[in-house]
Amino acid sequence: MKNNKAKDILKLGLPKGSLQEAALAKMAKAGFNIQVSSRSYIPYVDDDQLSVRLIRAQEISRYVAHGYLDCGITGHDWVVENGSDVHEVAEFIFSKATRQPARWVLAVPEESSIKSPKDLQGKRIATEVVNITKRWLRQHGVKAEVEFSWGATEVKAHELVDAIVEITETGSSLRANRLRIVDTLLISTPRLIANHKSWKDPWKRQKIETLALLLRGALEAESKVGLKMNLEQKNLDRLLRDLPALRNPTVSHLSLPGWVAVETIIDEKVVRELIPRLKAAGAEGIIEYPLNKVVY
Amino acid sequence: MKNNKAKDILKLGLPKGSLQEAALAKMAKAGFNIQVSSRSYIPYVDDDQLSVRLIRAQEISRYVAHGYLDCGITGHDWVVENGSDVHEVAEFIFSKATRQPARWVLAVPEESSIKSPKDLQGKRIATEVVNITKRWLRQHGVKAEVEFSWGATEVKAHELVDAIVEITETGSSLRANRLRIVDTLLISTPRLIANHKSWKDPWKRQKIETLALLLRGALEAESKVGLKMNLEQKNLDRLLRDLPALRNPTVSHLSLPGWVAVETIIDEKVVRELIPRLKAAGAEGIIEYPLNKVVY
Amino acid sequence: MKNNKAKDILKLGLPKGSLQEAALAKMAKAGFNIQVSSRSYIPYVDDDQLSVRLIRAQEISRYVAHGYLDCGITGHDWVVENGSDVHEVAEFIFSKATRQPARWVLAVPEESSIKSPKDLQGKRIATEVVNITKRWLRQHGVKAEVEFSWGATEVKAHELVDAIVEITETGSSLRANRLRIVDTLLISTPRLIANHKSWKDPWKRQKIETLALLLRGALEAESKVGLKMNLEQKNLDRLLRDLPALRNPTVSHLSLPGWVAVETIIDEKVVRELIPRLKAAGAEGIIEYPLNKVVY
Amino acid sequence: MKNNKAKDILKLGLPKGSLQEAALAKMAKAGFNIQVSSRSYIPYVDDDQLSVRLIRAQEISRYVAHGYLDCGITGHDWVVENGSDVHEVAEFIFSKATRQPARWVLAVPEESSIKSPKDLQGKRIATEVVNITKRWLRQHGVKAEVEFSWGATEVKAHELVDAIVEITETGSSLRANRLRIVDTLLISTPRLIANHKSWKDPWKRQKIETLALLLRGALEAESKVGLKMNLEQKNLDRLLRDLPALRNPTVSHLSLPGWVAVETIIDEKVVRELIPRLKAAGAEGIIEYPLNKVVY
Amino acid sequence: MKNNKAKDILKLGLPKGSLQEAALAKMAKAGFNIQVSSRSYIPYVDDDQLSVRLIRAQEISRYVAHGYLDCGITGHDWVVENGSDVHEVAEFIFSKATRQPARWVLAVPEESSIKSPKDLQGKRIATEVVNITKRWLRQHGVKAEVEFSWGATEVKAHELVDAIVEITETGSSLRANRLRIVDTLLISTPRLIANHKSWKDPWKRQKIETLALLLRGALEAESKVGLKMNLEQKNLDRLLRDLPALRNPTVSHLSLPGWVAVETIIDEKVVRELIPRLKAAGAEGIIEYPLNKVVY
Amino acid sequence: MKNNKAKDILKLGLPKGSLQEAALAKMAKAGFNIQVSSRSYIPYVDDDQLSVRLIRAQEISRYVAHGYLDCGITGHDWVVENGSDVHEVAEFIFSKATRQPARWVLAVPEESSIKSPKDLQGKRIATEVVNITKRWLRQHGVKAEVEFSWGATEVKAHELVDAIVEITETGSSLRANRLRIVDTLLISTPRLIANHKSWKDPWKRQKIETLALLLRGALEAESKVGLKMNLEQKNLDRLLRDLPALRNPTVSHLSLPGWVAVETIIDEKVVRELIPRLKAAGAEGIIEYPLNKVVY
């Protein structure tokens, strides 16, 4: 009992260009293999219920809102910049320790007299996110000229304009250009967004939710590992009490009387602190192994 | 009690050139590390019972038949083309969903009047597989001139000859050259083949069978993953009944009363459909992990 | 209760240059992610108790001895060459089957009349390790001129000097230059070394020991795999008796009566011999999986 | 008698990004060596009367009009798109045989029912040049929605919009995407443009004119070669009459009586037709040599 | 008065694959710019009287003989191997000092007992040029088995066959494989060949001859340079008598009385010996400049 | 009448490693083609009177002094550092406008209190040129510890030592590491040096002088171009008086009465200023062409 043809295709937008490779790798980890050919604008995907389009990250939200796409993966920043009315299905937060979210910041030359948003009155600002910048100026009651920049914005801050609004993760590129951050306008993370009408269609909604579940499982697995060890049962309680990081381990009896196997999924970041303590607590044969997906 | 020296070396031929890197990678997955040096024509292999030669795929079956090699990995097509009398030990079929086997097809320009084998009467055909083509023409009772082509055969179909016999997987290269497939002559998959005399030698036969077993285990693991989850025992029967894909799981009791750990090896392709249903059936802590080898 | 600021930073030296990438990869496997920037001489490491410096392998022991670094990873050869008085914390021995340790050897042209150390009397030797060479000459009671070579030492052996002392693993580069090895002066393996004073500081010592433990776990895992299989319990004893390689397996009862799951960690090199025997012994569903760390 | 400091610097904008390398090569041919450093946003130029800025081609005309730059090299298209009020100093026309100028064209899918501008009424058009497109629609009295596209515009024509306005030289990329050209909106060639005020400053104007002269000389030399030959004087008149391509040759007497050397600068494209005719006319020792600059 | 359409296209075959880039570069030097596109099997050439096909060097002579091509550039070896009946228009001999022509040689392992053609009686030979080899064996009255090799022939000489016939320029690849040359079967240089019928067509013949003239001019220029100097007229005779390499210089009077300018085209290889002698003979302002084409 | 064998080989040392490619390119421009093979330590050179060795730049002077090499190209710095007693044949000064000579400078962190050589008393300095540094300290009457650095010296200045002596051209790498230059120890240019004994041998000396002459001619040509123009004779005197850069032009009469051709060799750097003035002075048909060698 298959769904009728019109229904059972979900159109998904993925970012083209510099983010494309990473996005396709994430999709592959989630279980969807996508192949981009130079001969067709429609990539091949090994799921005939899914049809993928590669579109600039800046534009995806616009086409989801219009209904050309049922859903898409894009940054929160471009949803806001485009003012797109879409349903946000999922936010993909990367583990804090390894990556920082992207921030749009207002930056000026180190020696500039601009110290706060108020100082921008009557100035000229270059940015790729004109709407986000104008909204933020309005919130601060400041009037300034905002001019669209096609890129290489950092270079303009020294001569062509008074300030820029630019994206940054660690701030190192800004510092290298001798720019100083004045304020943060928006923090952006990747989102799975859906068209409102598609979201109301039960079949499409279920497909989108499955996609979100698998993507989240694949992302989760990037910062997790499996940990296994053997232990005398008498030491088990103390181990679990002392090491709350070993949340909900799977404990199984070994054939050797009095010994158990303890297995758990754990943040890769804490392993380096945990292993010495596990050894001290009597654990033996500790092994760490990689994961593809983790779904709680 | 070692075998005598003459016996305990198995000579294996692997394809040189474009397939070489893939063949060496598969051997490594099977557990045999081979290093090719620019200074010697004999590659190093970390098994002193094995001696490897890199030979063009087109020629391997010939040297296995002659007895220069005990065994080799090559395509079925070249065994047939060379008419080599060898023992076929194993066929390596890739999982259907991700890859298609190579086919030798007869192709003509899109606008050609040739629609079936019969239309080839009196025509000229260019191909790298002259014998396969002649045999196929004889089977259809058609007389045509067959001419050996050194490669770049597709380009010739438009001017130099009336038809070509060429290898293809997806047909996309033929389509890009505006060629139309008329018929399939042969479907080819990789094979492990052996010299008849070597196959009768008990020591060599066991060595070849072990090689086949390990290669199959490595190939199998490419399309499989491990899946683990925890479950209340009362839900176990329903889960196994509803999800026949979970074939022969390993079920072990957890120390938490009433709970079991379920672990199984499964096609990577079905995981994306299975995980939502496992969650719905009450499974918790679902993880997917990668495999190196799977031997049933 | 944090340690005071001065104490809780451990300064670690890693080799810069050709060994750098490998060293950073090992550190990442051990759980420490290090990022090298072209904008700063201090690499970023995701552990604020650790501060990393990239220094030429030849010099690390010198700066550990001086106390500029608390500890470092370097070859035993450069510790000896520099005559550095440091505490050796750990030696990282690679699994014998896959890699050979580096050796400093005295080599001469194939046709040279020099056959033993004594024949070097009055000759000229070029090398990067002047002190090691002079010490070795003294041990043999030989007087010879030792000249520092900036590299490309092999080429000099044919014309510029009478002999060279050069590093080699397999000897293939020497053979390719038609050089013959006369003697081995020193076998060198990577070491974790520490400054004596740092080693006496309890906090630093514990940090260094944890680092050694994790590095050893990561290296160990490179040559090991996990192996799992199901088996009828009645066959278990015979299997374990016949296959001593299956050292200390974890045996757990399956819910299917009379069957057990056997799991063990094993040298990747023996798997190719083991799998056929496991099948013969009645094992089913054998899988091999990769590991990140192994700590006994 | 040097000019005062404020006057004797000319600020020149060159295109950043995909056109940058070509632009810098042209400047080098003209005699100005520019070095771009990752450490400074101001490239080094070996003329201290010149200061170079690398700016996206789309924006150069805007900053020339504002007066931030005295002059710039950019396409005519972006001058029009930005509506920039600048002085056009020179147009650089490439030799027709080798290159075609860039054209902005309206294109639709091959099978689209849109055949002429009128058919666009009420449709949606995606383009990078919104203003050029809107102006062209007004000229045709057509109302249509024009939407800014961030790039990869060709792909959108099949699903997301009804038509696109895109840049093309040979049309091959459009054909490869199965698009059909409906009309040409603008033909664009590279221009040297100047700020009106800078153009009125005598020193700057002379500097700009010199720059134009040298750039033109370098471009001219790309499609020209030098040609030299020896000839009996008695054949000279006939040669010159028959071969008008040998425009204004330099004729000098050789020491061998009755012989002259003929030398001329000529289009590289006609050499292949000319040489056989020169030989037929009695020329000897014909040589062709490359040129750096040609200034008539 | 244009030729009719059927006549005024000349179809030229150029080698595809490893020789392709060099062949296109030579054509460009001769004045014909060819562009190969991934989208069409017919390369673009900026001469509408010329139509180019890229075909494997081994096959070009066959298609010229058949008349599919009017002419082609290929090695003499493949004309002989294919036994193609074609008109040889030109041989392109590279300057002896810089390059050696390709030779097909019979080679055996260094330690082989085969010392002369006679020793091949009853042996097995692998080669890509089966016909050349058989013809040569007949000339020596030797019977031996000749087997077609798909490449990597050198490796086979040690085990699979008794001798090989392989192409070589300097012999270094043979030496590196520890092979010894027994005899040379054929010396091969690049040729421009034509179909007999095309050669009889006056228009095509003229076009082919022009092509030969221009290619020769371009090749000639690769090993030549222009040399110019000033000289007192009284020293001229002695200079010309002492330096016969200065063949047929162009001597022109300078405006400075008693001085002449001497200019000549000369082998680049002799310049390094000539310049010191020119200086000694009183020449001043000696300059050397590069050439594109030289046609005597 | 050839020289005897022992005499007529000149052994030349060229720098190996990072400078190798540039050195070989210069030699090729001078007319000597050198080919480096991975199979031999002796490069091939197309002059059988020349034998080339590639040796680290740091060591060349040492082997020239010993007599292993007759001559070599190396930096003045390493001649001084090694204290090598050699004959300096030629200094190759690059045209000032495009390149700066290399300088060894003493540098300290920007914030260091070291402002002059005197402040180094009792400090520690790291450098690759220990002898140059010690000599310079002696000259200033300063005692400081000098320690040999294997490279990456800049990084050490912030922590490991108090100052460094490092090579620099523009100083940008020092600035990027936030180092400040205190003093310059040595300015170094490339030199052709010879062994004293070889220099006294007449045949070798002549060969070395020819090499110097040709290398200088090739270097000279890098910054020069040829310039030609036509002019009415009546304007000639004024042109030459006004434009002293047109030093010693070759003036020849054209067949057109009253006109002369003026040709000269000129610094490429002045062309951009000269061309506008030549036009103003009535010159026509100005062309600039490239040169291979210039020997006055």
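Here are some notes:
A, B, C, D, E and F are the chain letters, set down in written order, and residue numbers restart from 1 in every chain.
The definition used in the following text is that contacts are C-beta pairs under 8 Å (C-beta built on N, C-alpha and C of every residue); 3 or more make two chains touch, one makes a residue touch a chain.
All of these numbers come straight from a predicted model, not from anything done at the bench.
Shared contact partners of subunit C and subunit D, listed by label: A, F.
In terms of the distance between Cα centroids, subunit B is separated most widely from F.
Counting the residue numbers used at the interface between subunit E and subunit F, under half appear in both copies, so the two copies meet with largely different residues. Chain pair A-B has a twin interface among E-F, B-E or A-D; that twin, with over half of the contact pairs alike by residue number, is E-F. Greatest Cα centroid separation from subunit D: this falls to C.
Inter-chain centre distance (subunit B to subunit C, centres taken as mean C-alpha positions): 37 Å. The distance from the centre of subunit C to the centre of subunit F, with each centre set as the mean of the Cα atoms, comes to 43 Å. Touching of two or more other chains is recorded for residues 39, 176, 252-253, 289-290 of subunit E. Because contacts link the chains in a way that matches no line, ring, star or complete pattern, their graph is best described as other.
Taken pair by pair, the chains that touch are A-B, A-C, A-D, B-C, B-E, C-F, D-E, D-F, E-F. In the complex of the two chains, the subunit E residues touching subunit B come out as 16-17, 39, 41, 53-56, 58-59, 63, 68, 149-152, 154-155, 158-160, 176-177. Partner subunit A is touched in their complex by these residues of subunit B: 97-98, 172, 176, 225, 230, 252-256, 261, 268-269, 271-273, 275-276, 279, 284-290. The part of subunit E that touches subunit D in the complex is made up of residues 30-33, 37, 39, 46-47, 209-210, 213-214, 217, 221, 226, 248, 250-253, 260, 265, 289-296.
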